[in-house]
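Shared chain: chain A. Partners: chain B in the first complex, chain C in the second.
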Partner chain A sequence: MGNYITRRLFQMVLVLILLSFVCYGLMSLMPGDPLDIMISSNPKITSEDIVRLKAVYGLDQPMYMRYWAWLTDILSGDFGYSRTYKVPTTTILVPRLFNTFVLTMTALILSLMISIPIGIISALKKGSKFDYFTNLLAFAGISIPSFFLAIILIIIFAVWLEWFPAGGTESVGEASLTGMAYAKDRIHYLVLPVVSLMVLQIGTFVRYTRSAMMEVLGQDYIRTARAKGIKQNKIVYLHALKNALIPLITVISISFSFIFSGAIITETIFAYQGVGRLVYDSIMGNDYNVAMIAFIISIAMVLIMNLVADILYAVVDPRISYK
Partner chain B sequence: MKNYLLILLMMFPLLSHSAISRKPSNNVLKIGMTQEFENMNPIIKQMMATSYIYEMVGRTLVVLDEKGKWIPQLVKKYPTLENGLAKMYTEKGVKKIKVQWEMKDLASWGDGTPVTGYDVEFSHKIALSKNISVGETEVYAQVEKIIVDKKNPKKFTFIYEKAKWSFNQLATFQIVPKHLESAVFDKFGKDKEGYSKNSIYSVNPTHPGLYNGPYKIQEIKLGSHVTLVPNPTFYGKAPKIQKIILKLIPNTGTLEANLRSGNIDMISILGLTLDQAISLDKKLKKEKSSHRVNFKQGLIYEHIDLQLSNPILKDINVRKALVHSINRQKLTQALFEGKQTPALHNVAPIDTWFTKDPKKVVVYKYSRRKAKKLLDKAGWKMGKDGYRHKDGKKLGFQLMTTSGNKLRELVEVYLQEEWKKIGVEISIKNEPPRVYFGETVKKSKFPAMAMFAWISSPENTPRSTFHSKSIPTDKNGYSGQNAPRWKNKSVDKLIDEIDVTFDSDKRKELVHKVLYHYTNEVPVIPLYYRSDISVTPKNLVGYKLTGHQFSSGNHVEGWELK
Partner chain C sequence: MLNGPMVEVKDLKVSFFTKLGEVKAVDGISYQVARGKVMGIVGESGCGKSVSSFSLMGLLSQPGKIVGGEILLDGVNLTNLGNSEYEGVRGNKMAMIFQEPMTALNPVLRIGYQISEQIIKHMGFSKIQAKNRAFELLELVGIPSPQKRFHEYPHQLSGGMKQRAMIAMALSCEPEFLIADEPTTALDVTIQAQILELIQSLQKKLNMTVQFITHDLGVISEIADDVMVMYAGRIVESGSCHEIFQNPRHPYTIGLINSLPKLGTRVDELYTIPGSVPGPLELGQGCAYYNRCSKASEKCLMERPQLTGDKSKVACFFPEDHGGIN
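And now, the complex of A and B:
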């Protein structure tokens, strides 16, 4: 297992470097540059200004040279400067990554805590009113467009009931909050975006849990366990759930891969300062340093979570082993 | 379940019409805006939202007010040749200008340090450094030398490289505090973007000494908000509003919900789109709300560039027919409910250079009959299919604009219908802004028609858009914005003359001559001038939309919530 993990980690580094080059290249290939767009909208900006700005940003160099300069800077610990915000990349990116992590992680954990028990009960009570109702809500959750749900939530809970703020990450302009008061304030702003994300996730996880559990519950060894008089709870949680976990691990690990990628629609509608919108704007603005760091984190998360999933498969199912 | 859904759907319009009745007080005013802002260093800022915020915390030498008049800000007097503060002289055969400036006695930075000529001299040096990403440098580069009076550093002299009539229009000449920033520039100025990365505006943006305006920054979170509090050392009237919070709400669709929920009290000019504003205006009036939507005619000129290298569009009769067949009055009424003004040419009515005198410019009245006559004259005969033909070829053009812009797409459809009535077929091809502006317009690659806007300032010589040297080509690295490829020797000569004409009446005459050629030859189809839009509480007094790029923030100290 140790050798396997080392080999996978080595492969990950190679894939990361290769994909970083591909991402950098694709960004460079995009037609037009925001600097060129500046000249179209402001008659006072001269072509000499654009030539000078391109030289300052290093955009007058060939793509491979810019990539090499970026890569060596990254490896030496210099994450660069944001061309859009005119601050060091870490200044703008780190708080946004943290905010996105809080939002997506909260939504993911709460979704799993709610959907796994509902999926299990639904599978156990297949064909019941509860099952039909759960299925209906799950399909509704999967189908409802996130922007529509977000606007509905804002109208009901922010405009009409005034229970939660319509947007933002925390109270602004008030005296600095600390400790529990700060946590309470952050939670207040998190509720609507978290609910908006959870609705889709719960729908998805309920469907996966239900189908995985139903498949396992129909297996011969479950029938045998029942015939042997083993208690229902033990059958469900010890024998069935453990075997139903494999497809769930795949879905959950994929979901964990995206915790730093941001939920662009939710973040934009709720004016939540996450990384999703930042990355979009960085790509459109050719802000290479910000966009590339975000790409690297996203790619690394996918690769890491894939490795974690593979390891977990072996933990859950002893028949799976890696050499 | 079905019943619940029905109830929810029925409630939806009621919820969105929850009336606004909040009246903010002078304690705090929360302003929403949809555009991102950056580091507040005024020399390197490029985003419009940053300029909007900065105008509340920092002042420049002079500025254009809401009436379109140039006024002094940090300086005592606006220098002109007439008042003797500016003098022309000749040096080695070159006509130059020398301008005397004097800072207001009370003008100081937020830490109490006086604003002096040394700050201006230092800012000039930074702005012209090759290692700093300053967008537009012409405003600094035109000043050859700055001489500060050692006995009284509040007094300083500008020596201009060349004598140009617009020497005193320096609203974009930004000033940073030398006493704070010089150490940073000395240490990091030699590295590419070294100064920008280490400027105090980047590392400690709430330092009071960075700002000389009515407010100073108390808190700034990029991508979220900026909190402003009064600057006690401001030279002018003390602001009445004790706290201004500018919040970024990136989605225009949720601005109204934020306003209704009290999350914001006001929507800045960087907020609603025109269609949203018109709809909100109606709702607020119906609700007798505590808020109002403000519209002010602006300088942004929406138009269609015609590709003059296109063999059909080379014919002036065809171009004139296209303009005659558009009812611009009806277009602005139908699509914008009259909140935007039909355009005659590139100069907007709020500009002192504007004219609609038919003796000076060619005014095209809507006349389908005239348009048809002109096309007949050009040899394009109406066919049975409802379109015109000549030498077996159908009269048709491709109309391009930015994709995803709802208003422009509506205008396209309107024009398509109008031109169909005179037998012209229009095919629409839209591109994402990045491709459209970065490639198609920049390199003049559009085959026939390109619709977009020019952002201008009052009294702006149209050198980059009308001069034949401004035609973008591979040879000149696609510099210039004369995308229609319009060549007129008289216009070139007139533009060169405008730059060196100091008599304002004579200059205006020259501009009108340019406008005559422009309207007569129709290299561009003028559409409409865009309006500035904002939403404010009705109890906000002293607030004035400007219609140009120097926003209402320049008189923020006069705002009051009664």
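And now, the complex of A and C:
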């Protein structure tokens, strides 16, 4: 097992470097570079200046040379400056990543806490009114476009009822807030975007849990457990759930790999200071340094969660072992 | 009640309520299993033999339902029991071995856990006591190095070993009544013989009452004291094992016995009963075997024969008297 994990980690680094090259290449394929924007906004600039500036920033070099320079800098711990915000990349990125993490993680964990029990009950009461009702809601949740839902939530809870703010991350000008008061303020702003993210996730997880549980509950070994006189609760939550977890691990770990990627539509509509909108703006503004780091983090999360899923399979299912 | 039969089934009716209508899987069967005896139930697939056993265990799942009759285990009517009372009987006084050892064990739980679980529940043992009991049981059913097997998972055991583990599980709380539902069908022939021998020796050793279900007449003739033959949800013939094999009276039983290959004689073609079992929804008011029977008359089409007789019973208007085996 230890061997296997080491091998996988080594592969992950390779994949990460390879994909970072691909991302860098794609970014450089976009029309223009940071200087072009500067040039077009300054009519007095001469062509000598342009050549000199391009040389200073290394923009006259071929793509792979620029990539190499970027890679060596990154590996030496230099993440560079954000071109649009004029601050070190980490200064702008870290708080945004934290905000996104708070948003998506809250939504994800609450969704799982709600949808897994509902999915189990729904599978146990297959064909009941409860089952039909949850199915209906689950499909509604999956089908409703997130921008539409977000707007509806804003109209109802922010405009009509005025329970929650229509957008933002925290109260502006209240920097003195600390401790519980600060947390309360943040939560106030989090509620609507979290609910908007949860609706889709709950729908998806309920469907997955229900089908996984239904499949397992029809298996012979469940009948064996019943024949042994084991209590229904123990059959459901031990004998059945442990088997149903195997397919669920895949779905859940994929969801966890997006906790740092940002939910661009939700973040934009709720004016939430997350990483999704930042990355979008960075790509559009040729802000290589910010965009690249965000890409790397997203890619790394997918790779890491895949490894976590594979390890969890082996933990839950004794038939799976790695050498 | 110590002198009465271990199990008494009275006019048991089980139906499945499907979209096509009510399917009568078991249609009014009555029988008794005497203490310490082995009752064999024979019949083709779909004749209701497994469904009747599941009803005894209270394991019928939707849309199946007991619609009538009584099941008495040691004088206690099981059909009246609540869920938790039934849980106290299942795996304790009454246990079951299933057909498919490959799928009947939970793949993600250790063999040891699956055996000790019910020992802890029904016998009130501590974990360590249950573990020791599980070692004994694994030894009893002939699993070598039980200490090692205790910690293994089902996929690490062969098919025969799995069925042995299933038997250990079923016997763990010393059940007085054991239902074996085609326990050897999924195994290859040499393993079949071993498992059969094991069940037989354990039955004698522990003086269990056994209900043994199979479609294999060879197996039945070896293990059963009494036999009942089922067809389309009803009992068509019952009696002692010797009687049924030496002097079968129902045309269906005769057909079954005739379709067995005989050792030492070569035939070009094995005998088969013509036609096939009618679907439960196709049954009319007459004898269910009507469309396949050589002796069928108009009476058989109009009226359903009842199971009659003293020691050996038969449900046929024109039973054979001297055995029609050729």
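Definition applied: the second predicted complex is superposed on the first by the 295 of 323 C-alpha atoms of A that agree within 3 Å, B and C clash if a C-alpha of one lies under 4 Å from a C-alpha of the other, contacts with A are read in each partner's own complex, and residues count from 1 in each chain.
Methods note: a residue touches a chain if its C-beta (ideal position, glycine included) is under 8 Å from a C-beta of that chain, and two chains touch if they have at least 3 such contacts.
Please read these numbers as outputs of a predicted model, since none were measured by experiment.
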{"item": "Which superposed partner A:P62 touches (first chain B, second chain C, both, neither)", "value": "neither"}
{"item": "Partner chain in contact with A:P88 - chain B first, chain C second, else both or neither", "value": "first"}
{"item": "First, second, both or neither for A:R319, with chain B first and chain C second", "value": "second"}
{"item": "Chain B versus chain C, judged by how many residues of chain A each one touches", "value": "B"}
{"item": "Touching partner for A:G2 - first (chain B), second (chain C), both, neither", "value": "neither"}
{"item": "First, second, both or neither for A:G179, with chain B first and chain C second", "value": "neither"}
{"item": "Partner chain(s) touched by A:G77 [first = chain B, second = chain C, both, neither]", "value": "neither"}
{"item": "Residue numbers on chain A that touch chain C, as the complex places them", "value": "219-221, 223-232, 238-239, 242-243, 316-319"}
{"item": "Chain A - residues contacting chain B, complex", "value": "30-34, 36-53, 55-58, 81, 83-88, 91-92, 95-96, 136, 151-152, 154-156, 158-160, 162, 165-169, 172-173, 268-271, 273, 277-278, 281, 284"}
{"item": "Partner chain A, residues of chain B touching it in the complex", "value": "1, 8, 12, 15-16, 18, 28, 30, 36, 38-39, 41, 44-46, 130-133, 135-138, 172, 192-193, 196-197, 202, 219, 221-225, 227, 243, 245, 247-251, 253-254, 257-258, 260-263, 433-439, 441-442, 452-457, 460, 462, 464-465, 476-481"}
{"item": "For the chain C and chain A complex, residues of the former touching the latter", "value": "57, 59, 61, 83-84, 86-92, 95-96, 98, 100, 103-109, 117-118, 121-122, 153, 155, 166, 169"}
